[in-house]
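Below are two complexes that have chain A in common, paired first with chain B and then with chain C.
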Partner chain A sequence: MNARRLIQLALLVAVLIYPFLTLESPVYQRLGALVLLAAIGASAWNIVGGYAGQVSVGHAVFFGIGAYSAVVAFVHADLPPIVGAPLGMLLSVGVAAVIGVPTLRLSGHYFSMATIAVGELVRVLSSTSDWLGGAQGLGGPAMPRTVFDLSFMSAMPYYYIFLAVLAFLLGMTWWIERGRMGFYLRAIKDSERAARSLGVSAGRYKLYAYMLSAAFTSLAGSLYLCMFGFIDPESGFGILLSVKMVVMAALGGAGQLFGPLVGALILVPVEELSNSLLGGEGAGITFVVYGAIIVIIARFLPAGLLSLFERRPTAEKPAVSTANPASGHAD
Partner chain B sequence: MVKIVHGAIRAGAALVALAIALPAFAQETVKIGAVYPLSGNSASTGNYAKMAFEMGADIINNGNPELAKIFPLAKGGGLPGLKGAKIQMVIADNQGTPAAGQNQTLRLITEEKVAALICCYQSGITLTASAVAERYGVPFLNAESVAANLTERGFKWFFRTTPVAADFAKAYSTFLKEQQAAGRKVDSIALVHENTEYGNSVSSVISDAFKKDGLNITMNVAYSANSTDVQPQVLQLKEKNPDVVIFVSYTSDAILYAKTMKEVNWKPAILIADDGGFNDPAFTKAMGSVTEGLISRSVFAPGKPGSVPAILDALYKKKTGGDGLDDVSARVLQGFFVVADAINRAGSTDPAKIRDALKATDLKPDQLVAGYDGVKFDDKGQNVLASTLVTQLRNSQYVSVWPKARATDPLVLPYKGW
Partner chain C sequence: MLIEAQSVTKMFGAFKAVDNASVTVEEGDILGLIGPNGAGKSTFFNCLTGDMPLTSGTVRFAGTDITTAPPEERARLGLARSFQVPLTFESMSVLDNATIGALLRHHNAREAQAKAREVLDRVGLGRLADAPAKSLGTPGRKRLEIARALASEPKVLLLDEAMAGLTPTEVREAIELVRRIHAGGVTIVIVEHLMEVITSLTRRVVVFHQGREIARGTPREVTSDPHVIEAYLGRRKVRHAGES
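Let's turn to the complex of A and B:
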């Protein structure tokens, strides 16, 4: 049991009991749930954008599909919104296949541009569909009918639901990362041509990653709908959503297991608190902060915040291995 | 020694007495929350709303001698019903997103402990934010969202002062019936609307209302607001030559219609344009000279000098540095005064008492800044006296011409045009 383990254990306990620590403040309790929800979206993006290096800037398509599937289950079939979640995931996987087959052939920023185009197209189409509520959007249950509507006054149930989903997603990502597919994806990210020459079926694995990523982004959308109870084209398919997923993952460290979570832990509170403290002045300062963060990461930390903690151990490895590991990490 | 102890006790007792007495003398404040779009697409509207709130609070807290003669809450010194408690507006930014709207509403309720909320401009945000207020049991007043379903959710804490599409349709229908009674021909009516959500929904509400009132819509023309040529539609109108034409349009298409009608040299006897593009300053600047006598709607018209709206309009111009109250800011300011009036009558910041006071609201037209017939809520929280003024374009400026009680200028028909 060294210091690193202790810190990890303490963090885990803090994450588990956070809602009880913030019982007095519904705003901070809710903030915890919002961080986790954003982390689910960004972690899902991370599978294809981080590990496989295919920077999608149109992931809001899947988020929106998830959110709309949930609300449609309520509005058109009178079911609890969450029933729409698995349908949304299936639909997202299908849509990902349709989008992915042609666009994943594009490399680098051409792929990003194609995903932006698809995202904007879907947003415009959704706003002309009466069935989807047009530009006005659709609302979920006004007041919960049963507990299955997942509509709660307290943020605590959302917190634990999101935590469970995030844990599952990260567990799966960890499993992929260590398996054959993880190596393939990283090989594709480093050099697709080299990976292909070694016999990696790059197109297929990129598509798998894209579809898996779409499924979980869609789930995040369904969970969003349950919590907020309303969706319109801008909040479901808006480009800002896609950009936020990219920025969160990049801030923490794209292609790293906990990168998106770290990014969400910083960006979501920054967004919420800056809006609470400064929003009333009408300056729109939140977006200035966002822009500044993007510029700073791009300039100084292209590999994300987690790279700060990694660089040192690799550089000092010989020294650390001979010294007592506990003291080596304590300073 | 004993003396010192006695002195200390006496001093302590005096301090305690003072401490108990202080709250009674202290100026209490009543917090009212407002969650508006201060950034994002509608930031301009939100910032005008913010100025309306600040002005409203200032009038109640510090008074305005001119207004005080006709408006009881303008005497200054806060809310008389709460021993002169001052109003403090807590304004938050909904960023134009339902998520931020809901988060900020929660913050205003739980952290700022606002006594009531006024929110949120966009219908979708009003929907999500009011769900939070409903659960926490905080009175929630909406002043300008027109989505019909907002009052159909069985909420107990939700109130809405603004007229909705059906009220606008009703106003047109009543207005036309009056013209008919006065001997004008309104036998054939053409409805021309752009073909997205806005145009389709407004025109279908107008159709329904007219059918119920026995007015004949003989033509229904849908067009795309992006079209660069509306000559086919105008020629179609010219051929059928209806007595009344009603437009539901955005700005650029409104300008195109005005131009084309002049080119084709055709005009109906009564031309009505439903707010939207025809009320845009860009339209009145470009086309005002060739659309003299165009009829539109607005909940705000400055009215006669010395009336409540006229005085508030002048104050607002001072506050904004030139821009007067308009259709939206007047509705926002009206919402604020309704909430302030209810808190004053409740005589308490207890949410249940404020809600009961809101339910008992009964404001008369001469007490309003917006051109409603009054403010009185039904069981669903909708203001049943919400209505609109009918305005007419006179020298590139809209003046109110109907209903007669609040008209500043006489109605001039037939439509003059160019």
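Let's turn to the complex of A and C:
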């Protein structure tokens, strides 16, 4: 038990000082920041996709809204991009409500398909809008004007900004998980009909989860824009973004607090590696890798990697499965 | 009057699953709904719980019109149910299953869990509170359905074949459990196949056949009613049933 605490402490310290350990190699610093950014997106997806079991494959909509809000704040209002972040979050919550009210009535695959459709629709629309830069996209500040532009050469500031956002998001998720809403989301995931019979307003709770999830996915998009300084329809609204969030969460463990982070820790380095080895032409390989991972998880580890470490306190009492509960109250 | 269902009709396409049924339940009742397979009693039941929209008719609960209210709204008003095929929350522990019910009246998770524990003890699942719900067998799951519903502190408990699939011993224990729940002040409506359950438990019975109510009264009255015997066993001899 103390060993467990010790490992947790060591991990925490490692996460906190990671940029200093990699001072000599900016590539690894940047990799650390990218992992955290991906973890923010996947953890945001996890709220509705993991806990509530509503598998959205259209979360790029919110990521894109966040990224475009940030760049529009700069291009059209001459403000630091990060000013667009809260606006993007608000807009995303609104859009989530508009999409969610009709689509969350659909169950299972039908919901997923509807979200794909909406995602693609938004991507196509965004590429026809001149105000959003059309298919070319828009760029942020070429040179940082003030520190508020959040435009840095080093990846270290991004690392800590992303870490703070991720910590906040996971803290909030943890708090939700343990409260009424967390119980209700899991109940909806297991059996919506049973949940409703016990007074759970399933529609309302799914919508809350969807809106909350959208807000933080949007924030991830705004942060992305700050770091990369450029967005176009494919990198903002592309379906691969949505798929990545799903796969990362599923790989680590959907519906588990640290599942998406674990998934990001594995997938982001794999993706960076395949990009650097294969260059721009290898972009398609990423799809192949994700496809393979989906197949492997679905076949061997439907509950994700974290399920391997789950402690099973009841495993030593197999009698439970055969015990007649009625005999328990014979007194 | 706690439940007042008036002229309830439910059609599936052109098929009348429930045909103009009117049933009232008073506070403190144990009402049995019986009938042969396909009689429409489960459909009628699902109309009461809000799982199926009515084609026509009205349902009132404690004076409120709930004809179009969704199930969660009815649960809030005090109408709880069990499912014929248990819909256990598979990924949760037994305790968490009951906690979902308890959260309806106790918004704080800790309080809800305390309430859930108390209910599990009452139905004889206390010992298994921390076991995964999916480790329970059919009798355990049926009991958990009841525990979950009770944890929501209902005025009425609607039991949909809560004893189907149980062994005779388990049925006797389940009957005992329903009696205790009723003694605790919960009105009961029970859909059942097993005559034994109905005769030993209920005071009033409504008999369905082909979507219609064909008899009502005490269990003794209805079991000797010729219409009921006919519905269950078929005609004894040919006769003209001009009136029905």
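Going forward, the second predicted complex is superposed on the first by the 299 of 331 C-alpha atoms of A that agree within 3 Å, B and C clash if a C-alpha of one lies under 4 Å from a C-alpha of the other, contacts with A are read in each partner's own complex, and residues count from 1 in each chain.
Everything that follows uses one rule, which is that contacts are C-beta pairs under 8 Å (C-beta built on N, C-alpha and C of every residue); 3 or more make two chains touch, one makes a residue touch a chain.
Everything numeric here is computed off the predicted structure, so don't read it as measured data.
By the touch criterion defined above, A:88 lies against neither chain B nor chain C after alignment on the C-alpha atoms of chain A. Once the two complexes are laid over each other on the shared chain, residue contacts for A:253 go to neither chain B nor chain C.
Looking at the shared chain after the overlay, A:49 reaches neither chain B nor chain C. Contact with neither chain B nor chain C is seen for A:80 once the two complexes are overlaid on the shared chain.
When both complexes are overlaid on chain A, the residue A:221 reaches neither chain B nor chain C. In the superposed model, A:232 lies in contact with chain B only, and not with chain C. Of the residues of chain A, not a single one touches chain B in one of the two structures and chain C in the other. Remark: chain A residues 25-27, 30, 34, 127-128, 134-137, 139, 142-143, 153, 224, 228-232, 234-235, 272, 275-276, 279-284, 286-287 touch chain B in the complex. Residue ranges of chain A in contact with chain C, taken from their complex: 178-180, 182-184, 186-187, 189-191, 193-202, 313-314, 317, 320-326, 328-329.
Within the complex formed with chain A, the chain B residues making contact are 38-40, 43, 46-47, 50, 90-93, 95-100, 102-104, 106-107, 110-111, 123-124, 127-128, 131, 134-136, 147, 149, 153-155, 196-197. Within the complex, the chain C residues that touch chain A are 49, 51, 70-72, 75-76, 80-81, 83, 87-92, 96, 99-101, 103-104, 107-109, 112, 123-128, 130-132, 135-137, 139-140, 143, 148-149, 152, 169-170, 173-174.
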